[in-house]
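Each of the two complexes below includes subunit A, the first together with subunit B, the second together with subunit C.
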Partner chain A sequence: MSDQRLFAAALLNPDVPCPDGLTAWNDSDPTRRFAVYRNNVIVSLIDALADTFPVTQELVGEEFFRAMAGVFVRQAPPTSAQLVEYGEGLPTFITQFEPASTVPYLADVARLEMLRIRAFHAADADPLTPEQITQALADPTRLPLLQVGCHPSLNVLNSRYAIVSLWAAHQGIGDLASVNPALPEIALVIRVGLEVQVIALPPGGDVLIAGFAAGLPLGEAAGLAIATHPDFDLTAHLALLLRCGALSSFSLPTEVPS
Partner chain B sequence: MTMPSPFASSISSAPNPQPRHRLPNRAGLGLKSQHFAEILATRPNLGFFEIHAENYLVAGGPFHHYLRRIRDHYPLSIHGVGLSIGADEPLDIAHLDRLAALLDRYQPQSFSEHLAWSTNNGQFFNDLLPLPYNLPTLTRVCDHLDQAQNHLQRRILLENPATYVEFAASTMDEATFITEIVHRTGCGLLLDVNNAYVSGVNHHRDPRASIAALPLAAVGEIHLAGFAEDQDATGAKLLIDTHGAPIAAAVWNLYAFALERLGPTPTLIERDNHIPALAVLLAEAQCAERWLGYAQQDRAV
Partner chain C sequence: MSKTLTSTTLSAAALALALGSALTLTTAPAVGADMEKCFGVALKGKNDCAAGPGTTCAGTSKADYQGGAWKNVPKGSCEKTASPTSPTGHGQLAAFAEKKS
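And now, the complex of A and B:
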């Protein structure tokens, strides 16, 4: 093993002794000096996770969160210098982290917070203009064929828990005590301008958007949503998506000249 | 022994008068997202801003929105923290490609990186880790710097590290090691005065002698920052380079010493933790500008 491989192993694992060959001017035990590096690595990565998952941290408290994040950091250090991506693995880790099992919705709240980071840094795209919308809706007979492009920042999270209400209550919107975590909610996460928004989608909205993402035309995507939710209201869903700038392109298949 | 570097000629020649290729001899600040809107609204009188490259390797959103606008009004330095030039593994070409795209997009006046390693076996440690100073590590660092400078098509400023341990395997001191790197690769230097002070205390070296022994003609930028104080196993003072505190008086004094030898040099106030209000950092930048003013007068005499 290379010297750096040994150094790296000792950084992450406190049970591995400080690497050989480290010295100090006063012949002091290098373990104490090496601990500065150990501490820098672990604490800076826990700090990075705390920045990404503020509501997750509030739900379990800072002490619990930092202890849990420390276990995660040692088990799954970053694989890239782009730390904004670090934490993608934390929600799944939480589902397997036994002490967190008393907060069953914790992993989904963490998933929601990770989607917010992704939306924040996602590619830019203009939402549809009113003219484009009017034009696309002008011919109702062609509507089912419409190809709908979603904004690059858009993501949907379908949860068994009231993640939108829980998240909002931690932003001072609504009363946390009145939230029933056991009510399923679907979160739409999107960046509107420079702000990331978290919006509750009515049932079936996730199916509709998954259809768009799969390249299905509007008619087929709506058909899937109606099949799973018989009272699905396409007009209301489209209005909501257009209102929050979630759609960035409409196109019709090019006509083959006869 | 090594091939002449295409960047070597820029060391001995006079500084390029084109401002496009050089930061102004003024104080600058690290750009923090907390201050984006205030900077655009108030346009503080500053020499430049510096960003950490890795924070901007994202597709879109507010970081690029604000940086694009701030870049319109200020010179820019891009400072990499993840290239891992000292690693005993090959450089990450995908990372170099992303850096090249970022440099192309923002055309910064300066790009700098660290004499350190931060990756191993596919893992990134988010810290600047130390290396022994000997011939094998020198060759490796120079190969990586040659590769990076060629890939990015520009001269890189290499930053002297703050370290907490030394290596039995070292065969030369830090200044000799750095001097040899500059010689072989034609890279420039980012003189981190706080790092020189921190390493000086931690390794019982005279930081003034360490700075004086560096190839100062290659310095293109100075960093100033704050440290925290700890102790080693014998109770001796151990300083930690935290970037989380105001610049210490001893570091200001060392800065003045460096300016006496360098003349006016672009100077960054670095604060990455416990980030205060913009006004607090602007006051530190003003303090640096006063020292830069004295250095200018000394030049004129």
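And now, the complex of A and C:
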């Protein structure tokens, strides 16, 4: 193992002794100096996770969260220099983390919070203008074939738990005690301007958006949503998506199906 | 890409109606407010200016308490949250086996 790898391994594992050959500028004990540095590394990474997952932390309390995050940090230290992306693996870690199993919705709330960070840093895209939509409506026979491009920040999270209500209750919206976490909810996460928004999507909205993302033409994506959710209200869904600027382009496939 | 449209494909007329109505709904402010009620408000976070970690100097004052912290069980707001899968109705102070519904 290289010196650098030994040093890094010792940083993450307090049972590994201070690496050999370290000296301090002022003749203080390198073992102590190394312990300080080791503490700073772990604590700063836990702090980073606490910044990304504030509601996750509130749900289980700071002490529990920091202890859990400490285990995660040692198991999965950052692999990118961009700290903002750190924590992508935390939700999955939570699902396997036995002490957190009493809070079954915790992992999905963490997923939602990670999506908010991703949405914040996603690329910009202009939403469809009323003129573009009017233009598409002028040739209705082509409508079913149109491919719909979504805003780069848009993500949908389909959960068995009431993640939107739980998250909202921690923003001072609604009463936490009246939230039934066992009710499934679909979260739509999108950045509107510079603001990341979380919207509860009615059932079927996830199917429609997944269809768009998979490149299905409008007619097929809408048909699929209706087939899976008979009371699917396409008008309301399209209005919601247009209103938050979720749809950014209409295009025809280069090869028009015969 | 040549994709044959399946039988679930919605007709041009139905799509035109839906998209046309949606356009009307989004451009009329009064109805826009109603839509808000239908779908629940678009929620934003308390700290929407926060771009995530990495922008501040790492804290150095907190101690990294590891190891034995596992004795702790979650004790944040999840205790105030109803839990139909919990035998007690809510409160998750101690581990419980999830009730199968």
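As a convention for this text, the second predicted complex is superposed on the first by the 241 of 258 C-alpha atoms of A that agree within 3 Å, B and C clash if a C-alpha of one lies under 4 Å from a C-alpha of the other, contacts with A are read in each partner's own complex, and residues count from 1 in each chain.
Basically, a residue touches a chain if its C-beta (ideal position, glycine included) is under 8 Å from a C-beta of that chain, and two chains touch if they have at least 3 such contacts.
As the structure is a computational prediction, the values presented were derived from the model and not from experiment.
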| item | value |
| --- | --- |
| First (subunit B), second (subunit C), both or neither touched by A:Arg111 | neither |
| Which superposed partner A:His151 touches (first subunit B, second subunit C, both, neither) | neither |
| Which of subunit B and subunit C A:Pro140 touches, first, second, both or neither | second |
| Superposition-derived comparison: subunit B or subunit C, residues of subunit A touched | C |
| Which superposed partner A:Gln82 touches (first subunit B, second subunit C, both, neither) | both |
| First (subunit B), second (subunit C), both or neither touched by A:Ala123 | first |
| Touched partner set for A:Gly70, first subunit B, second subunit C, both or neither | second |
| Residues of subunit A contacting subunit B in one complex and subunit C in the other | 40, 44, 48, 82-84, 120-121, 194 |
| Touch list for subunit A against partner subunit B, complex | 2-5, 7-8, 11, 21-26, 28-34, 36-37, 40-41, 44-45, 48, 77-84, 119-124, 152-153, 191, 194 |
| Complex interface listing, subunit B residues touching subunit A | 54-55, 57-65, 81-84, 87-89, 95, 117-127, 129-132, 164-169, 202-204, 230-234, 236, 238, 240 |
| In the complex with subunit A, residue positions of subunit C that touch it | 1-6, 8-23, 25-27, 32, 35, 38-48, 50-54, 58-60, 62-66, 69-70, 72-78, 80-86, 92, 94-96, 98, 101 |
| Residues of subunit A touching subunit C in the complex | 14, 39-40, 42-44, 46-49, 51-52, 54, 57-67, 70-71, 74, 82-84, 86, 99-104, 106, 116-117, 120-121, 130, 133-134, 136-137, 140-145, 164, 166-173, 176-182, 192, 194-202, 215, 217-220, 222-224, 226-227, 234-240, 242-244, 253-255, 257-258 |
